């Protein structure tokens, strides 16, 4: 199956900017992007599914299943010059190749939609709890550092970050080949696995909304985090079970429901 | 090779309904679907092979080998408005991507045959033995819960099931993108690995035949289970051997017969 | 790269029969097929390379490298009605999917060359040393058992063999879909890993040459085994090193030569 | 995504010779090729990215990220008859198939550029420290040994080397099918993982520049090694973390930054 983007609606968007939030350390990016969607009442128009996600469906409530997927939302910005496309997802690829494939499919899709700029939202594991998380920036073009240094972003990144693993980093790397400027905003977090960090998400959102010149109320962020937690735990429990031991493959066979 | 469906006969079917039973917990779905095929004397018309199955052939009896495969049968329903297509299989995919590929190939095939609805049969591991297993339902459209709630199906599924792993769940998820309504019927079972659970299969079959409005005699179910056990054990022994240790890859090399 | 067959010469062959010998338990098939090539002075006409083999080259002698590959030889049978195509190889696939891909590519190639019948040569691990190894047969069509039961082949195979792992078995399974009758001849062997078993190879060769009605001198078989041993050990040493521990991937990185 | 070569400039080159240096034991090849690029002031004209590299980006300095990649440089040789194409890379494939795919994509690219000959530079692990490392040669055609035996190359290779693992060996193997003569120059090194060995690189460079009849100053080699070390350590730290334990897959999930 590889990776597919299923489009439900083809909105006409004005110089769109793309914002990405997939699960990761502290779920910082996922929570921030998800919250932005709720606050802006952004409208869903496409879904991405991939054979690089876990081969499961989720039963979030009642009896209707959902595939593991990423979702695309758009928001028409009446007061500004850029509309937004926001992507959130349930998971990252479970194998190395999948990260490349998924990110490249998305970037191709964005190119077709004439996306002008990309913001990848992420967490940065600093190993300790912090009350005032900084936002560390990474870019795919030095001009972006110049452009955004007036915002509250730390740009001595190479001293803090050796490599960026997974989708957020590849969005910058691959977008460069497609001529799209891209910035990664990483909120400092303690790096507790699968534990959402609303403070870090808030820090990232503050910088992002200043850059985009939009206003949102961040007071309900904690609430959003709680809602998300339950859903993510269903996925994470399965993931843990599938990868918990060297004999994972064998046990995988044993735990199939159907 | 990827995944191939080899078609031996092209039956003309009347608004066909598709029923799927692959191996899994308690082999509930596999046994139920296999028994239905025997009772209805359904006719085989296609086979599916895949490089996502184990790279082995089985010697079920005498000296003739069989590939690991799934098989498609049809049944013309003289008294009702829907003919049936029933699929049973020897195995699920041995790698994560394969589940997606196999299920999507089957769903494409069903779409071409104008299949109107899908029932995926499966087991649900509840960790304890039960004399009266319930049948838990999952759907890919909330309308299906509405349609089937009058049957003996438990639909508070999200409280019982976090995720459905493997083919049965993906049939629901992927069929949705192809516009085919799909329901998963999961028989409660104790979850003993590779141990068929005829009671659970019977519970699933009862609900399914009521929905389909067909009558079958379930008294020979235990017998079918015994027959299947021997065959499945040959596959499972190989599977165990291949995946039994962290050094499986090495040993795999050592245990090649040819 | 997947799997490629590179053809150096297009011989016109008369109703060719295909004989396959890849490494496996006791290297029974590889040794038997290799010896047949030497005795018949069969001529090489094609090679198969695959990204499912180990990513190495071998330095068998002097300084010239050889890829891991399978090789195809032909032999024109002046006194009989069937010419021969014989394939030997350095390795089997190192991943499960590769077995399917490699075998299917070969079978497609054989179909184009109008191959009439296939013999896959292999070893059968019986766990103990035996002075008089039996030859156990498996077929992809019950008619073949009928045809070959007058030869010295044991056909109560299902009692001795649950599954046949790897290429030899898949040759039977996949050839069936291409309409080519195929028989696997398995020489009993003690199953010592990577230890060639000339006695078992001899038993297989005796049956095969009787069926083909050709005469070869088997007295130099031990010599052939010694020659092959040294070459195979170079491959096996690398294989051992690559797959020796759960952290194989890491160490693989460390042991690169270039 | 597979493997892609992105070309920035299409230089017209005179009978080009290709030199390859990817990371490996002692980083001998990578350091030698990188130093040659600096000394010759060779010009970058293409990049290779691949989903067979680690799914990460690197932050070498400031805030601008770099993908894991290989880079192609050309050098116009005003005084000789062959221009040069030199490739260096950050990594080899992290999975076995990737080595085949990456090397074949490069060889196809070289064929289109009419490359006349290939030199793959590599290290050869001899397990002990040596003050005067020898250069051991491997070729894809015995004529090359004849051609280069007058240089300071040891050609009793099969006694020293069983197999060559990874890209350097496959360049020889695959280039042969494309009709390009190729030689691997392996500098003896102690095989300390990820520890660059400038002495071995120097030995390889001396032989190579004699063959190519070009002059370079090797006195700054130590300096180049230091510069490279820092950059490589960022990649290696991530690689270590990703593959450090049997549960690597799980932890991989936990250490995602974004």
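A, B, C and D are the chain letters, set down in written order, and residue numbers restart from 1 in every chain.
By definition in this document, contacts are C-beta pairs under 8 Å (C-beta built on N, C-alpha and C of every residue); 3 or more make two chains touch, one makes a residue touch a chain.
Just so you know, these numbers come straight off a predicted model, no measurement behind them.
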Residue numbers at the chain A-chain D contact, same meaning over half shared and different meaning under half, come out as different
Could you grab the centroid distance between chain C and chain D? Build each centroid from C-alpha atoms only and quote it in angstrom.
35
Cα centroid separation, chain B vs chain D, in Å, comes to 50
Going through chain B residue by residue, note those that touch at least 2 other chains and give them in order.
94, 246
Should the pattern of chain-chain touching be classed as line, ring, star, complete or other?
ring
State the interface residues of chain B toward chain C in the complex, per the touch definition above.
1, 6, 49-52, 54-67, 94-95, 233-235, 237-238, 242, 246-247, 249-250, 252-258
Chain D residues touching chain C - in the complex, by the definition given at the top:
22-25, 28-29, 92-94, 96-101, 104, 120-125, 137-142, 145, 155-158, 161-170, 172-174, 176-177, 184, 186, 193-194, 239-240, 243-246, 248
